[in-house]
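One structure is given below, encoded as structure tokens.
Going in written order, the chains are labelled A, B, C and D, and every chain counts its residues from 1.
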Amino acid sequence: MNLYEFTINKLKERGVSIDDIAIIVFDLQKKYIDSISLDECTIALKRVLNKREVIHAVLTGIAIDEAVENKNFPNPLWEIINNDYSLYGIDEILALGIVNIYGSIAFTNFGYLDKEKPQIIGKLDSLGKNDNCCHTFLDDIVCALAASAASKIAHNFSEN
Amino acid sequence: MNLYEFTINKLKERGVSIDDIAIIVFDLQKKYIDSISLDECTIALKRVLNKREVIHAVLTGIAIDEAVENKNFPNPLWEIINNDYSLYGIDEILALGIVNIYGSIAFTNFGYLDKEKPQIIGKLDSLGKNDNCCHTFLDDIVCALAASAASKIAHNFSEN
Amino acid sequence: MNLYEFTINKLKERGVSIDDIAIIVFDLQKKYIDSISLDECTIALKRVLNKREVIHAVLTGIAIDEAVENKNFPNPLWEIINNDYSLYGIDEILALGIVNIYGSIAFTNFGYLDKEKPQIIGKLDSLGKNDNCCHTFLDDIVCALAASAASKIAHNFSEN
Amino acid sequence: MNLYEFTINKLKERGVSIDDIAIIVFDLQKKYIDSISLDECTIALKRVLNKREVIHAVLTGIAIDEAVENKNFPNPLWEIINNDYSLYGIDEILALGIVNIYGSIAFTNFGYLDKEKPQIIGKLDSLGKNDNCCHTFLDDIVCALAASAASKIAHNFSEN
């Protein structure tokens, strides 16, 4: 299994499917591109997930969430991350490592998704408030993946 | 007149008052901080506008908008900026130069404002579509100023 | 003439050839990749220069330099940019708009080049100190183009 | 013990003293400011280390290094981080979370330090190659702290 497949599986294991993210991409872009299909969103998303720096960001964020769940991160950091403290900021920094690569449309979409929390993003956020579940990094990563795929589609579309 | 006052006056000349931006800051933060006042938002905004790199970004963005209005920018760039082409991207880059300094809450708020375009931001965007008026940089700058002031308030609040 | 060719010509008109930048890329990467050729550096650089957001950043930076030379930018900004004031900061912000897209190796190389100013970068910097010549944005843009091409080569190389 | 003191102690525990970083700041700035003293560098550095987002970045980076040393991070990520794989990129992303706040001079200095690895930065890098020792994040964090303090001094100096 290569790193790309490993990353898709890891997201799945943490409760996030490709379809969960692709539908957010679709909702972001349908107001700008009438003819857009969910398939195009899935293709764009998979290309984002094929980039090395994206894979590294996704795996690092999930590894931190898991280390917190397994109580393998020291205090006071453990408590800050476990409570998804709004001024922690490092979860967004990691997500920006993804968004950066996809230009300014990705930035705008990221901020919007992080604030509105549609679909799976809102679900991850709620589940993360339960004991033994930490999604502090995962919800921002999903925002970044969707925002980046949407930016990729916007750029590709204008090239036709 | 110092650079700070010059910048406030320049914004005013371009149709944006301190109050226009402060009300956006207030609307962003009132859901998180019950006791917030418009005065606090104004104070935070003025402190943002006192930073050297912020002043440089504001003045540079406005100077480009004006150079485009005065037809002092060459083609093909003139057309790209005059039409506020959605894939231009440099207006957001300049705005991120402001937002960067105020951390990840500023990023999220910036994306949200750039997408939702509340109040003066939407007005600037509409006016910019008229002949002889270019707000390609100014609307993003106002988003960045409001987002940064909101982030400053969030950080200060948690310190009390 | 398409936008890509227009941009290459514009750089040439401002005193910067593809070869001038490619040799910097070569010098950056030869310590890491024994077998690297100048041709590979040229190819990577041309691919960087083919990206829309890169083209927009290059053209915007040069347009500002030219507006300053033609005294079409207002004071106090004119004086700040004309003197390449070290705390101006917006020249680097625009360059980071390019570097961002090419990941963290591009960042590191950018900072190094901006500090060391090898070859054409140093020449642009010196020439810019003359009357009627402004290279405040151009030298940072050349740093960003070289740093991004070097990062692209590093990523491609490791994929083989 | 507050978070600031905790962070200073944690750096010390990982082999990095305030003096180790302050001397790098001094070496960066002495060519620009004749009258600079090591004390000023120490004061600027301590103010950087007092910022919440800086503290979070430092503690998160060190926690990852330690989790890797303790084999509490899963493969394939463990191997990538343990070997300080040059295309990993997330160590620089985290460091940029610090540098971002201090503007463009901080960016330039960061790239320079990350490439030249003076003093403690080179030592951390070498030690990190030993078994049971991981400094993948720590060396970039030290670069970021020194670069940010140098930028702070440059900005303060010009205000006098």
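Assume contacts are C-beta pairs under 8 Å (C-beta built on N, C-alpha and C of every residue); 3 or more make two chains touch, one makes a residue touch a chain.
Remember, it's a predicted structure, so these values are computed and weren't measured experimentally.
Asks: Where are there more C-beta contacts: A-D or B-D?
Replies: A-D
Asks: Using only Cα atoms to place each chain's centre, name the chain farthest from chain C.
Replies: A
Asks: State, to the nearest whole Å, the distance from the C-alpha centre of chain A to the C-alpha centre of chain D.
Replies: 27
Asks: Calculate how many whole Å lie between the centre of chain B and the centre of chain D, each centre taken as the average of the chain's C-alpha atoms.
Replies: 31
Asks: Could you list which residues of chain A touch at least two other chains?
Replies: Touching at least two other chains: 52-53, 87, 89, 93, 96-97, 103-104, 155.
Asks: Which part of chain B faces chain D closely enough to touch in the complex?
Replies: So the residues of chain B touching chain D come out as 52-53, 97, 100-104, 155.
Asks: In their shared complex, at which residues does chain B touch chain A?
Replies: Against chain A, the touching part of chain B is residues 86-87, 89, 91-93, 96, 103-105, 107-116, 154-155, 158.
Asks: Along chain A, where are the residues that touch chain D in the complex?
Replies: 3, 6, 52-53, 56-57, 59-60, 63-64, 66-67, 70, 72-74, 76-77, 80, 87-90, 93-94, 96-97
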